[in-house]
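Across the two complexes that follow, chain A remains constant while its partner is chain B and subsequently chain C.
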Partner chain A sequence: MAQKITIDPITRIEGHLKIEVEIENGKVKNAWSSGTMARGFEALLIGKEPRDASYITSRFCGVCYSVHQLASSRALDAAFGANVPWGGNLIRNLVMGAEYIYDHVLHFYQLSALDYIDIMAVANYSGNDKELLAVKDKIVGLVKAKDTYPLTPRYEPDEFTVKDPDIVISAVKHYIEALKMHAKARNMGAIWGGRTPHYQNIVVGGVTSYPDINQVARFRTMLDEQAKFINKVYIPDVLAFGTGPLWPLATMGVGGGHYNYMSYGDFAKDASGKDLVFPAGVIVGLNPADIKIDAVDQDKITESVKHAWYKENKPVHPYNGEQIFKLDKKDAYSFVKAPRYDGKPMEVGPLARMIIAKNPDVIGLVQKGAKPGAVARHAARAIETRLVVDACYNWLDQLLTEMTKPGFKIHDTEHWNPPESGMGAGFSEPPRGALGHWIKVKDKKIENYQAVVPSTWNASPRDEQGVRGQYEESLIGAPVPDPKNPVNVVRIIRSFDPCLACAVHIIDPNTNEIRKFLIE
Partner chain B sequence: MKEGNILSKKLIEVVESHGINRRDFLKYCAATAALFGISQFDFATKVAYALESSSKKAPVMWLEGLACAGCTISLTQSLYPPVSSIILDKISLRMHDAVMAAAGDLVEAVYDAQVKEGGYILIVEGAIPSADDRFCKIGGRPFRTLVEGAAKNATAILAVGACSAFGGIPRATPAKGISVSEALAKAKIDKPVINISTCPVHTDHLVGTILYVLTTGKLPELDSKGRPAMYFGDKRLVHDNCRRRAHFDAGEFLTDWNDLKQKDWCLFQKGCKGPMAHIDCSIRRWNDGINFCIDCGGVCQACGEPVFYDQVAPLYTTESDSSKNIWAMREAGTFKKEKA
Partner chain C sequence: MNSKTEKTSISEDAGEENISPRKIIILGIGNLLLSDEGIGVHVANELLKMDLPPEVSVVEGGTDGFRLLNIITEADRLIVIDAVRGGEEPGSIYRFDINEIKNVPTGFKTSVHQVGILEVINLSELIGKTPHATVIGVEPKSLEMSMELSPEVKAKVPRVIELVLDELKHSA
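What follows is the complex of A and B.
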């Protein structure tokens, strides 16, 4: 007899998410993912001055801040006909690099680690390391004071939870260090971004921050510190966990899903734009022994609203989408729509990117027996952080060369003012995965605006055919021996790094007829 | 002398219950006792007694509604003091969706227990939907009712970020976000709210206000818009302390970000609203003083003012009502500083 349980709210994510699962014989048999918050940013943007879009859409999310500022600026660049000078792109890349480093480190330590360790095991630490003893004193002090918030309450540790005091105490020490490291990574981004969260320097045509040589040196020095932490602490921690205590979870492939992956490709290594840090591609039904990658054809993207709180409509490309909001709709259970590529649900994010890039470290783990799933997602995230760090060094070198040349530019001033009309799409690969923004300009105002964001792909509900979204599918078969303690469910969901404020865009509850997002 | 001889088991418990480790405590006692020429034992006992009679860590509940979590990230931006010390040593963070270990039913149970117990600082991030409760639900409950319920038994209420302080960007969306003050007024809950606006909240403003409340047990002095007067206020203007100010007065306005000659000129023509932003950003700056909006060539949008976002748009031109007002004030000589 199946038992249905609801986890609401899913915590340690961005935004508001509800997960329902049906459990039979200790395993998840069925699952539903629901976004439970909406503001309606796209409706706000209709009729506004186009340049407002990059500032406003940055506020989709304050965790992955400015990723929408970038995608939106790229959509505006296309609609305005702006050509961003390589100097401007270098600075865009560098501040996004800082964002990546912070975001991935935050995700592993602050948002995920508590799912995998029994923090109370630090009390059993018997070593002599002074720093670790200080960590022990701290946690034991909280326990003695009978005030262990926010570390408890929690789901109870299970068979996969790491309880070895030496491993746990070092992880807790790194949890505390990581808080400092990602704060510093954000400071690094602020060198050109102005401040965090929400940079101020990315606008249509390029950036506003004219660099000087001191800033380059400062960024590089701060990057050195980040690189050291990533290479000496973050990546070793993830690999030690993934190939050690969590290896059974990895080989079981818990949290696999549909095995369809997509990346739009992003971050040019040089001005030619040919060589990308993250290559583009689509994989349908991964076969690890023979990875087949197709080119991305953006015309094949559609969105279904069958199970979302919008009026019935057939699945259409975002360019031709029509959205009519309907809060009382039968069979609807989410504010998140269901994007599909060639009719198929896709996983986007670090794992998708690293498989599509055929990254040797990730492929190596798969060949050793790790199946793509929750643990592999953490590994892919850590591994790609190193690629971003390497790219930042490369971009810094190029910036130094560029900025000392006469005629150095960061902005396309010719195309700063909005055109009478125009349209454009902006694509990016921010930390959580494939991101697209579409804009149509008419009479120098925004006529239509649409964003299909990473967590819309991953957190989507079922589509026309009743095919589950990637979160939902990834939960199927997950072991939940105790329905009161569904720790594997939250492990799987958090491995995607959900960002629900991003995923949800809607509409007008009073008229029930919001806007048509019609972009031919 | 050995530890055990100085600190009884009970003393150790008292000291540790305040999150202080015993080694640090003993070092401190030895040094201070020597200074005053009294025995280390007497001193340690006296301090421990004082600690025991003082209150425990202040409970804090953090609720997030129509928001982007940027204010949460702003909290974690604190390096001096580190956020780990704020969360583990200074406050007892009972509820915070983005931080807490618990999920699902456990979160609801924590919420109910804390509200019943009362005596906590309530921090709200994000606006409250006024168009329809269904725009934001947590654990199946409308966010509005969660805020109202928690406000009743709070000792202090902090509305952090533009959204919860004044409605911010969500005010202009179909969800029709309203501020905490407005939501409480509608529910006829009469409680003072400290508005720590800007989008997102400034780390220093947030941490400083929390520390002020913890240290003094009082609410800080507020300006006419309910914001801490130590950071905001009618006499405090981004414009007055802006490094580009002289260029505003001289009529030198940046038109091309590529032109090194103009690099430090006034950003008014790019849409800067600094002359109407009553915030201390240009002195305090952001990210430990590394930079702030105007210094990266970006424009100030007065994100700490109630007019943000509707009335400062369009953002990157001089066509907004706000920009027109600023220009009229400039022409009238309003910004000129003369000795009274």
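What follows is the complex of A and C.
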């Protein structure tokens, strides 16, 4: 008989997410992903001056502010007819590059690693490394005080958990190093953004402030330090785990899903804009032996609200989207809408980008037997971090060259004023995946505004046809031998790096519990 | 060059006056788009206009949470301004040191948003740089989507600023 488990909230993610799974014969038979915070910040934008959009949307989320500022500015670029000079695009790219560096490293060590290692092995540490002893004391102290947050909630170690004390202790050491690197990396974006958090520099037409040579040098010095950690610690750790203790999970393809992938494409390598670090494309039903990639046509994007707490509507393109809540709706179970491309659910994010780019390292892992799934997602994330680091060096060199050219520009000042009317879409590929903003301008004011964020694609509920979203599908078949210990469920969900802080927002402070388990 | 650096005297006796002053950070957090949730942001923006001692920095932290680590680890003394759900009348003001509530096992509901300031402070301990942290919190009335504070909470902004300035006096 099937047994239903509810995990609410999923912790160590950004935002609020509830996952329900039905277990039969030790495996997930059915799944529901539910964003439990109401969304709809877009309504605030209607009637406002269009240029305010890049500032207001940057407040959607405390995590991805620059990401929204960029997508919003690109939507405005399109609506205003602005052409961002290459100098402006280089600085926009460097801001986003820094975003990748701290997001991806943080995700692996602080948000995910505890799903794969038995942290309590630290209690047996008998060496004399001062920092590790401090960690040991802290963890033992927290356990005694029954307050192991942020290391908990944790599930019981299973057959895939790394219990070898040497590996665990080395991982914990890197966890602490990653925290230090993270605190430093946060200041990289501020070099261009003027402050942190909530940078101020990305606007319609380009960026607001001319770079000087010292900023370039400071960014490069900080990048050197981060690159060293990424290349010598982060990537080797991910690959050592992925091809070592976690290889069985990788070859089982736990967390696969629909095998549909989408990337809007981002990060021009040079002024021509033809060659991208992350190419655009759509894959429907991946065949690893023969990867077929279609071009993205944004007209094919629609959002279904059949299973979301919004007023009934047929699936519409984001230009025409609305958010009128309807909480007593039959069949609804999420505040997240269901975006579809040509009617199909898509996975967005690092794995999608690396498969669409036909990245040789990721394809190589697949050829060795790793199936696209939770472990491959971590590997893709690490590998693409290196691509972004390399691109940052390239952009810094190009920026120095641009700065010496007469008439160096960072902004299209001709198109600063809002048009009477117009519309525009802005796309980007922030760390978590494909992000789109759509704006309609009428009488120089915002007439409609919609954002479809990466976690909306991945965390979506079922659509008009009842087809599951990507999280839901990726859970099907996952081994859960003990319903009280659904560690594979959280491994799969966290491998996507969920961020629902903007997809939705808290409405009920009473759900602010560490963990809640319902077994019916 | 800033004048403070020029004034620093050098003496062979490393007396206290040569140690860099304690760094005090005032951190206003919250979501500006959810009315009273943004109280910390509104207060920080007011404090940013004021002339404060050089060792004091005001940071408007939005809802950055986990990623405020760089700011927290720079501080010797941290004063956090935030919306706090304590169940009292809207506009009620709370003050507590992080240490006073840190070991409450069920996770004290400090904040109505997902900032997880306790989590960040915990993490700062792991890298050995934990400031003495105090929270000044205001009970929200409205968490509706709006960029304005409710009248009840807005009326308390001057008082919260006074309390922050008091903390600075005691921290000096």
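Here is the rule we use: the second predicted complex is superposed on the first by the 468 of 520 C-alpha atoms of A that agree within 3 Å, B and C clash if a C-alpha of one lies under 4 Å from a C-alpha of the other, contacts with A are read in each partner's own complex, and residues count from 1 in each chain.
Definition applied: contacts are C-beta pairs under 8 Å (C-beta built on N, C-alpha and C of every residue); 3 or more make two chains touch, one makes a residue touch a chain.
Keep in mind that this is a model prediction, so the values were computed, not measured.
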Quiz item: By residue count, is chain A touched more by chain B or by chain C?
Solution: B
Practice problem: Once the structures are superposed on A, label A:Asn201 by its partner contacts, choosing first (chain B), second (chain C), both or neither. | Solution: first
Practice problem: Give one of first, second, both or neither to describe whether A:Met403 is in contact with chain B, with chain C, with both, or with none. | Solution: neither
Practice problem: With the two complexes superposed on chain A, say which partner A:Leu223 touches: chain B (first), chain C (second), both, or neither. | Solution: neither
Practice problem: Considering only touches as defined above, state whether A:Thr36 meets chain B (first), chain C (second), both or neither. | Solution: first
Exercise. Go through the superposed model and pick first if A:Arg59 touches only chain B, second if only chain C, both, or neither.
Key: both
Exercise. Go through the superposed model and pick first if A:Leu76 touches only chain B, second if only chain C, both, or neither.
Key: neither
Quiz prompt | Which superposed partner A:Met252 touches (first chain B, second chain C, both, neither) | solution = neither
Quiz item: Same chain A residues contacting chain B and chain C, which ones?
Solution: 14-16, 40-41, 43-44, 56, 59-63, 65, 106, 110, 134, 138, 145-147, 149-150, 176, 179-180, 182-184, 186-187, 196-198, 501, 506-507, 509, 514
Self-check item: chain B-facing residues of chain A, complex
Solution: 6-16, 18, 36-41, 43-44, 48-49, 51-52, 55-56, 59-63, 65, 85, 106, 110-111, 114, 119, 134, 137-138, 140-142, 144-147, 149-155, 176, 179-180, 182-184, 186-187, 190-201, 203, 206-210, 325, 327, 408-411, 413, 486, 490, 501, 506-510, 514
Quiz item: Okay, in this complex, where on chain B does chain A touch?
Solution: 13, 16-23, 56-57, 59, 64-74, 76-79, 82-84, 87-88, 92-107, 109-110, 131-132, 134-140, 143, 169-170, 172-175, 177, 199-200, 255-258, 260, 263, 270, 286-288, 290-299, 301, 309, 313-317, 319
Quiz item: What does chain A use to touch chain C in their complex?
Solution: 14-16, 40-41, 43-44, 56, 59-63, 65, 102, 106, 110, 131, 134-135, 138, 145-147, 149-150, 176, 179-180, 182-184, 186-187, 196-198, 501, 505-507, 509, 512-514
Quiz prompt | Footprint of chain A on chain C - complex, ascending | solution = 31-34, 60-71, 73, 85, 102-107, 109, 112-116, 118-119, 122-123, 125-128, 143, 145-147
